[in-house]
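Labels for the chains are A, B, C, D, E and F, by order of writing; each one numbers its residues from 1.
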């Protein structure tokens, strides 16, 4: 049995010139790379095994991120499924040597637990949501899973009850 | 005036040990990094300006990718909006020194065109879909845009007519 | 006025094959690189300016660190001087996917605050040690500074009162 | 049996600041690195085995290449020998976000096919030149091979009939 | 039996933009990374085995190092102990395309020799100091070792006779 | 006035896993990258200005180079022309922790001196060959220059007197 906080992983990255384009904007793909490593570590803590990225939910970048900014990425597992688990990430940008801190975005990554042969391995650990925020993330995980399955063409819309609730919450 | 094929960008990457975890699986984040560069080049060709990543749609990784595999990433712009444009990517994995070729996944990235001060710049170029595939991508772009706006909390479901068509296509 | 906790910087790094030698041992120099970035960010938060590394105290590596291990580096400023400041770092190794956590080592880095021309700039911020641990670090900072000056040949031993206390604490 | 087009490998690279010197000129060595990877992939497709670089013919860089330019490298096998094969590369520079496209240079790399022990392995595949350009490359391959052998001190000039044709084509 | 000169390792590095912060100052950690590789190679030459970094003595950076500067790092083993050995490094900065050459700093790194299982292995090679400089380094090595042990909390000050000589040389 | 030895540049590189393919063979392109940096530094010392790679002569790789090997690259300018200069490189492989040292290959790179606007700048420095080896390299430089010009299609064979001497030395 584990709590989401047992998987909490905090990563700090200095945005260097090598990470940005000529105008000094951080490449979106570099940020995705860091997000993937940070959430994979969180997933590995839960699974106590190697993991592989299964999917990345829709990610939007609102805040311009520049060379010299410092990023903090925080990730923790929200819910486990049979061999996979969902990780929630929150990304903050610290500008002007920490004088200003703005939220860049949040995201959900999904990972599959692997055995030593690199094959999917069942997750035998129970994850207990603890705080209100944990519980909200836990509850929403089923809905987000259905969005992934429908968008990935692996579930029919009419079977996605949770998804209908997401898009048509008044029903 | 431009055609999608004018923006076609083909990238080939050899999966090296430095790109993979200890089991030899390519990091999902490394693939996202390559996808971002490849689609940013396609977007830049359309905009004839620097661009910055605005969003990444849901991406799923089905096919295991290993050290020694060769990836090809093909990207082209599907449709332009006021200052942003959508890019479609298709990723193929070549295994066993090219003897087997399997589709890894496809994806949609959105970019914003920037002026020299790094501010969003209107796209004054018309993009004309040419082939049937181009037209299908062009038509779907509005729907996917609404998914992004709804998932990003910037549009209400009841205003997302195209989205309803996506999820409830039988209606 | 700031507290040490305002400068706290937490970095997590996955030890990858590219960071290690052929036996899978993390290069000491790669760890030093991460320690430098982490402590520079902490120093920058205090100074609210760019900083440059002035010195690194004696660092010992006891715990073998291997590919697949996860490192956490925590750093915070302990004390400021005229244009320089000392940062304390603590490094932990998480082995077996987080099942075992052992302390790797701790270290002290010193940074100089720079103005926009890249010249040393006075630190006008007061740092107030808050916790007992902060105070202990604050008190020891003078002593460690004298060690640096004596080892660097810039202070005579007979002028290093604090240093004598360090080595001959019974006096 | 294979055609040169079966080995065609197209690589696109964005020239980033990390690839250039302080004046923004792409390092020649970085371009050579990309050319090597691109042509090694083409050779691997032909050999269906790992390969190792045996030689690089004289390469000249005429066109200045700068940060922000996009490079495309196209490579295909021209001819096979017992355990080695020659690959032809063509490098294009796309400037001003694709508005101008200029040829940078072309080059010939030679690779040796390896078995699983890393020893040279005979190439049992026949390569059939298809287009006029393929045939011209195929025919010239013997001549270029003699240049390599003579320049490398492994063949006497008087035995290099093809080479004499290259340098004294009017005879 | 070997001489220090048998382990001499000379490394030249061009300081590139990717190695520096936004003001163009070389990251101290990047320099430490290079120093570690250079001294590890020297130690490996002595031990004829893989080695792992055990400790780094106090390092001070006096001379500002900028993008475009060229660094030379020279390292050689000074003395061996049971399974460990000390390496001396001297770092020079070449500015203005080699017109000015200034000493950046010197340093001492300690390495442990490893066997094929990655365990500490006894050094059975005798190192004979040859020049006056070699002999001075050889003689000082015991003293520096005691500093490391005392600073690392593994030796009591009262047992560190050599150390007393270092700090209280008039006694 | 300068001597070739004034431009001597010695680089040592440890071949790491990230530099090699799956069989542990160093990528030829990685070696070319290092050769380019090393010879560019030598050229910069002569020119006292930034330089850009103009051409690379035919390079053959004979000796297999593996992960764990140590490379030393030595380069020095052989002769100057109006705005360009030729650099000679010699590459050695140190195997088994330095127990065996074998010559990998040698090569010639040509660089153009640049002014601050990045345009070719005349070399006003005289280079005086000093040793017999220097003189041999100096004398051969004209011949090799003609090979480059003929192979690059910028000189007719009948004008290349020195080249004829190279290939038909008995005449």
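Throughout what follows, a residue touches a chain if its C-beta (ideal position, glycine included) is under 8 Å from a C-beta of that chain, and two chains touch if they have at least 3 such contacts.
Note that this is a predicted model, so its numbers are computed, not measured.
Chemist: Using the contact definition given at the top, which chains are in touch with both chain C and chain F?
Modeler: The shared contacts of chain C and chain F, listed by label, come to B, E.
Chemist: What angle, rounded to the nearest 5°, describes the rotation that places the Cα atoms of chain A on chain C?
Modeler: 180
Chemist: Using C-alpha centroids, which chain lies at the maximum separation from chain B?
Modeler: E
Chemist: Computing the C-alpha centre of each chain, which chain sits at the greatest distance from chain F?
Modeler: So the farthest one, by centre of C-alpha atoms, is A.
Chemist: Please decide if copies chain A and chain D contact each other with the same set of residue positions, more than half shared, or with different positions, and reply same or different.
Modeler: Under half shared, hence different.
Chemist: For chain C versus chain D, what separation do you get between their C-alpha means, in angstrom?
Modeler: Those two chain centres are 49 Å apart.
Chemist: Just curious, how far off is chain B from chain A if you go by their C-alpha centres, in Å?
Modeler: Chain centres of chain A and chain B, defined by C-alpha means, are spaced 20 Å apart.
Chemist: So, what's the distance in Å between the C-alpha centres of chain F and chain E?
Modeler: 31
Chemist: Please list all residues of chain C that touch 2 or more other chains.
Modeler: As it turns out, chain C has residues touching two or more other chains at 17-18, 21-22, 37, 40, 50, 68.
Chemist: For this structure, enumerate the chain pairs that meet the touch criterion.
Modeler: After working through each pair, the chains in contact turn out to be A-B, A-C, A-D, A-E, B-C, B-D, B-F, C-E, C-F, D-E, D-F, E-F.
Chemist: Which positions of chain D touch chain F when the two form their complex?
Modeler: 21-25, 27-30, 32-37, 40, 50, 52-61, 64, 109, 114, 116, 118, 147-148, 150-152, 157, 163, 167-169
Chemist: Under the definition above, what is the set of chain A residues touching chain D in their complex?
Modeler: The touching residues are 17-18, 20-22.
Chemist: Quick check on the complex: what are the chain E residues that touch chain D?
Modeler: 16-18, 67-68
Chemist: Touching chain F in the complex: which residues of chain E?
Modeler: Contacts found on chain E: 9-12, 14, 37-38, 40-41, 44-45, 47-50, 68, 70, 72, 94, 96-99.
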